[in-house]
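Given below, in the form of structure tokens, are the structures.
One chain, chain A, appears in both complexes that follow, with chain B as partner in the first and chain C in the second.
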Partner chain A sequence: MAQNLQYFLIPFLQPEMMLLIWIGVFAGIWVGAIPGLSVTMAASLLISFTFSWDINSALALICGVFVGGVYGGAITAILINIPGAPAAIATAMDGYPLAQMGEAGKAIGLCTTVSVFASFVGIVVLAVAAPVIANFSLKFAPRDFFLLAVMGLLLIGSIGGGDPIKGITAGAVGVLLSMVGMDPSTGELRYTFGNLYLMAGISFVTAMIGLFGVSEALTQFRSSGMKSPKQNLDRIIPSWATFLKYLPLSLRSALLGVFIGALPGTGGDVAALLAYDQAKRSTKHPSRPFGKGALEGIIAPETANKGAIGGAFIPMLTLGIPGDAVTAIIIGALFIHGLKPGPMLMIETPHLFWMIVSCLSIASVALMVLGLISVKPFAKIIEIPKEIVMPVVIILSVIGTYAIQNSVVDIFYMIGFGIIGYFLRLYGYATGPMVLGLILGPMLDANYRRTMQGAENQILPFLQGFVTSPISLFLTLSIVFLLFSQTATYRRWRGLE
Partner chain B sequence: MEESKEILAEGNAAEGAASLKDLSTFVPEAHRKPGELGIAAITFLIGALGYYFALDMTSGEYSSPSVFPKLASTVIMLCSAVNFFRAVKREKPEATAPSLARFLFPGDVVVVLCFLVVYCIALPKLHFVVSSFAFLALGMIYLQRGKHIVRALLVSAASLAVLVAVFRYLFLVILP
Partner chain C sequence: MRKRHPNKYTNMKGMRRMKKLCVALLLLSVMTGSAIAAYPEKNPQGYIMWGAGGAMDNVARAITPIAQQHLGKTIILQNKTGATGAIATTFVANQPADGYSLLFGAENPNLYKVAGLSQIDYDQLDPVLLMMANVGVVVVAKDSPYKTYKDFIDAAMSGKTISVGSTGPGGLAFVATTMIEKIHGMKFNKIQFDGEGPCITALMGGHIDAVAVGLLAAANFIKSGSVRGLAMISTERIPGMDVPAVTEAYKEYGPYLPWGAFFGVFVRKETPKEAFDALQAAYLKAYEDPKFDEFAKSMGGVKLGLTGDKARAYIKQNQSVSAWLLYDAGGAKFSPADFGIPRPQSK
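Right after this comes the complex of A and B.
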């Protein structure tokens, strides 16, 4: 125990590491805030950058960027309705309406506070229960990932913009588009029409930037002459009463985030969407209706994606399996520095585990300070006339899209998605479900087919699996409950109508 | 006391928001919008084409690569049919409604889209700095109706300098 504490204190006793964590958080906030620039990209850049460094310093910087980057995605989601990262899509649903009411400062302040809380929840679970959760997450079969993806698709009811049929249409188009490219399990080409660019598939980040960024800019140009809302920046840090009021929701969503983050292959984006849906279904009296600036609609996704940070480290540090793309890159960094990530990592190099826990803790404190300091300047951005800010947003969208794989063709795709998103918005089709379909489509397809192959292409054994495995049964029942909870009978019974 | 102030502020803000029209949220209206039938027909066509091209994919087993493309295409066609008939049931667009072209492409949207397409075509030839400066400056000058030309030029140059400094030299991102 004393030894572990010693390891934990390493970054506290080295000013250089502390400084690197703070620099990482600061850079991460900006990287995360810009659509297209992802934490994954920043982490991979840092690998080459920190190649010759000591492993402790490299990890300190990467941990800082990770924490700051996941937070940064919410900033642009709230201010200009363009999520900086897929994990912030749900945050835009209620964050942007709040900014339109002049409450951007309050929204970002609340987002910062609950983010730090959730980040610590993730870190505590990582420190206390990592091996248990890691072993449990390994019991998830492809069938369970398929069920998780189905649960995610049910979100269309929450983010479909009020018309479920139009939401499902957009979601199904998203799923169809996600099928474009080479099928990862058979190598068969689907919807590529002999086009080389289509073989790699359509990046959902490109689609997200277009559907949210460019379509938002085009929609804004329809209402030229409308003044940007004046922001109220009197009180940006939420009161204790507000924090305590939302504590149960924050804790619930953060724990959901930790768990989803710990599942290999799923990360903060799925966690945030599921948490938003869960909050929408379970909150009887939201501060405002969901989709119109409910504080609960910011708290749930933001706490879930921060909880997922700690969660993503759980399988990585205990089993050597990455929880998400960033931890996969960190595994690469460990290999480069001569370490062997795997079940023996915690036994052979316990200092590494405790040092990462410590770096994440310091990064969370840095996030609190840097996040709150940045609220006012960030909120002021929204007061800049849109005739000036929107062309800059388009340029940012272009830079972000090009940065994904240095391809000009991606920019054309992005603009195409922007125009599609603009038309969809005009006719009441929300753009969120299409991005959701693009994100969840490959997860649905791959895991369904793996499960079916496991059942030797027989319907009965395939269906039996859903009730014979305890995890699958629990998830199946959850889906049935989620569907039932959308009925008028349930809503009347719960007093939600 | 602080809590009541917060609640009061929330109430005022909500009133302010009521005047904003959020295009991303569906609001049932008595009259259909110009082109609403068209968009339902287009989504149906996307579903039909999706299904048609999925017929060329390997099929025959429940785990074939064509299963999800066919499923998604079918869902699109069914939902589009529902959207189409729901739109048919509603009254025709109001007499005062703008024409389809005017509804889809008001002046500013057309101009910005043209700027955007020209910018993208020019990007590989003129490179990032020149083409982006032209896009920013022309966009800002047009959207401000020709006023504040010097300000637009200065803001374009300054924002571009910041973007290049941050992305190219700080984040080491390759620019188009």
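Right after this comes the complex of A and C.
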């Protein structure tokens, strides 16, 4: 125990590490806020950049960027309705309406506070229960990931705008587009028309930047000249009463985030979307209706994606299995620095575990300070005339898209999606479901087929799995319940109508 | 000032001569410049065909920082992923052959032609250095009933359904599994995952019975006892790994070996010799650096260090085995014979 404490204190005793964490958080906030520049990208750049450094310093910087970056995505989501990262898609649903009412400062302040809280929830779970959760997460079969993806698709009901037909259509188009490229299972080419660039598939981040970034910018040009709402910046930090009122929701979403983050291959984006849906269904009396500025609609996704940070480290540190894309890169970094990420990491280099826990904790404190300091300057962005902000958004979208995989073709995709998104909005289709389809399509496709392959393509064993495995049964029943809870019978019974 | 003006006009001839001299000097300097200006004049770009965090990415990012110290310029690394590396391969093959575009490639392009994916593969490129081989290893869960490779094969032969992980046709797992199926004349139930890491995850979670993956992905899991290594798909044991070679139990694997994935640095053919040599020298020095040794050891990679004809022969052997196995298993669109790829020869 004393030993662990000693490891925990490493960053505190090295001013250089402290400084790097703070710098990382600060840089991360900006990287996260710019659509297209992602934490994954920043982390992989940092690996080369920090090659000659001591591993502790490199990890300190990467942890800082990770925490700051996940937070940064929410800023642009709230201020200009353009999520800076996939994990902030749900945040825009209620964050932007709040900013339109002049409450951007309040929204960001609340977002910062609950983010820090959730980040600590993730860290605590990582510190005390990592091996247990890691082993449990291994039990998730392809079938269960399939069910999670189905659950995610139900979200179309929440973010699809008013018309269910339009929402489902957009979602289906998204799933269809996600199929373009090489079949993950057989290598067969789907909808590629012999074009090498279509063979590479359509990256959902590219589509996201187009559908949210450029199409939003184009839409806002229509209302250019209109005065931006005056922002009320008197009370940024939420009162204790507010914080306590939302504590149960924050804790619940954060824990959901930790767990989804700990599942290999799913990260903050899926966590945030599921948490938003969960909050929307379970909150009886939101502060305002969901989609029109409900505080719950900011709290749920933002706590979930912060919780997912600690969660993603759980399988990485205990089993050497990445919990998400960023931890996959950190594993690579450890290899390059001559360490052995994997089950031996905790045994051979036990200090790393506690040092990472400590770095994440310091990063969360840094997030509190830096996040709250920057609320006012950030909120001012919204008051800049749209004619100035939106072209900047378009330029950043282009840069960000190119930076994903240094592909000019992606820029054309992105602009294409931007234009499609603009017309979708014009005709009352929400762009969210399309992005959702693109994110969840591959998860749905690959895991359905894995399950089928596992059942040797027999329909009966395939169906049996859903009831014989306890995890699958739980998830199946949850989905049935989610569907049932939307029926008039149920709503009357619970007195929701 | 006034005094000089007339001078200028009277010296027209001199001026002209001066001009000529200048032009001549300029020409000379340009000519010698192009001849003397040593490669590299600017920062070369390195394109990694697989994503961040994968084995290819790790190898590239481990060796390049050392190599660039010897080269004297920064090699700017970026991941250019998609279509199992065909995007990056095509891209580098279409850049000028000046040694400023490097491809960090694995074995995948060897199957582009038979898979109908692309006509551009390692025939358009020259290997600067093949750094590491990734030898296949068959692993099962730690609590699996199969204690030896023979147990495992016997169970599969008895008609029991055994689910194995795969990473898609052409991937190491797929080809290795096909090799096993072909040699023993049986079939596994293949389940597709996104990569070797997810295959091991699924194995540890009990969702598949076995998987053949690259040792790079499995080494640390085997060493820690999280999974059990049954056999290396190789003719000899790998130092530091307590896993028998497959030929110890079954001699029939011989003709297909050595076979494994590899990681190398490539440039376009027709790259000027001077640039090629400079690059090769830098990468060879980095390859011999103890730091890279340490890295290779911790990852479980087998150092190759092949250049020139030896590298080419290694690539061709891999192509011959993989392409024919894939074709015989019905996973290829075109016959390797169409592209002059010979069947693996028994030795």
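Couple of notes before you dig in:
Definition applied: the second predicted complex is superposed on the first by the 497 of 497 C-alpha atoms of A that agree within 3 Å, B and C clash if a C-alpha of one lies under 4 Å from a C-alpha of the other, contacts with A are read in each partner's own complex, and residues count from 1 in each chain.
Here is the rule we go by: a contact is a pair of C-beta atoms (placed from the backbone, for glycine too) under 8 Å apart; a residue touches a chain by one contact, two chains touch by 3 or more.
Just so it is clear, the model here is predicted, and its values are computed rather than measured.
Residue by residue along chain A, chain B and chain C are tallied for touches, and B comes out ahead. By the touch criterion defined above, A:166 lies against chain B but remains apart from chain C after alignment on the C-alpha atoms of chain A. Of the two partner chains placed by superposition, A:363 touches none, neither chain B nor chain C. Using the contact criterion defined above for the overlaid structures, shared-chain residue A:408 touches chain B, although it does not reach chain C. In the superposition on chain A, A:440 makes contact with neither chain B nor chain C.
In the superposed model, A:329 makes contact with chain C only, not with chain B. By the touch criterion stated above, A:293 is placed in contact with chain B alone, chain C being left untouched.
In the superposition on chain A, A:249 contacts neither chain B nor chain C. Once the two complexes are overlaid on the shared chain, A:20 sits clear of chain B and of chain C alike. Applying the stated contact rule after C-alpha superposition, one finds that A:453 touches each of chain B and chain C. Applying the stated touch rule to the two superposed structures, the overlap between the chain B and chain C interfaces on chain A comprises residues 185-186, 406, 449-450, 453. Those residues of chain B that touch chain A in the complex are listed here as 2-3, 6, 9-10, 13-14, 16-17, 20-27, 33, 35-36, 39, 43, 46-47, 50, 53-54, 57-58, 61-63, 65, 67-69, 72-73, 75-76, 79-80, 82-83, 86, 103-104, 106, 108-109, 112-113, 116-117, 119-120, 123-124, 132, 135-136, 139-140, 143-144, 152, 155, 159-160, 163, 166-167, 170-176. On chain A, the positions that touch chain B within their shared complex are 27, 30-31, 37, 42, 45, 49, 97-98, 100-103, 160-163, 165-166, 168-169, 172-173, 175-176, 179, 183, 185-186, 188, 190-191, 214, 217-219, 221-224, 229, 232, 235, 239, 241-242, 287-288, 291-293, 385, 387-388, 390-392, 394-396, 398-399, 402-403, 406, 408, 411-412, 415, 419, 422-423, 425-431, 437, 441, 444-445, 448-450, 452-453, 457, 459, 462. Interface of chain A with chain C (complex): residues 40, 43-44, 47-48, 51-52, 138-142, 181-182, 184-187, 189, 196-197, 199-201, 264-265, 319-322, 325, 328-329, 331-332, 335-336, 338-344, 347, 405-407, 446, 449-450, 453-454, 456. If you check the complex, the residues on chain C that touch chain A are 52-54, 57-58, 61-62, 64-65, 77-84, 86-87, 90, 115-118, 161, 163, 168-170, 189-194, 197-198, 200-202, 204-208, 220-221, 223-226, 291, 294-295, 298-299, 331.
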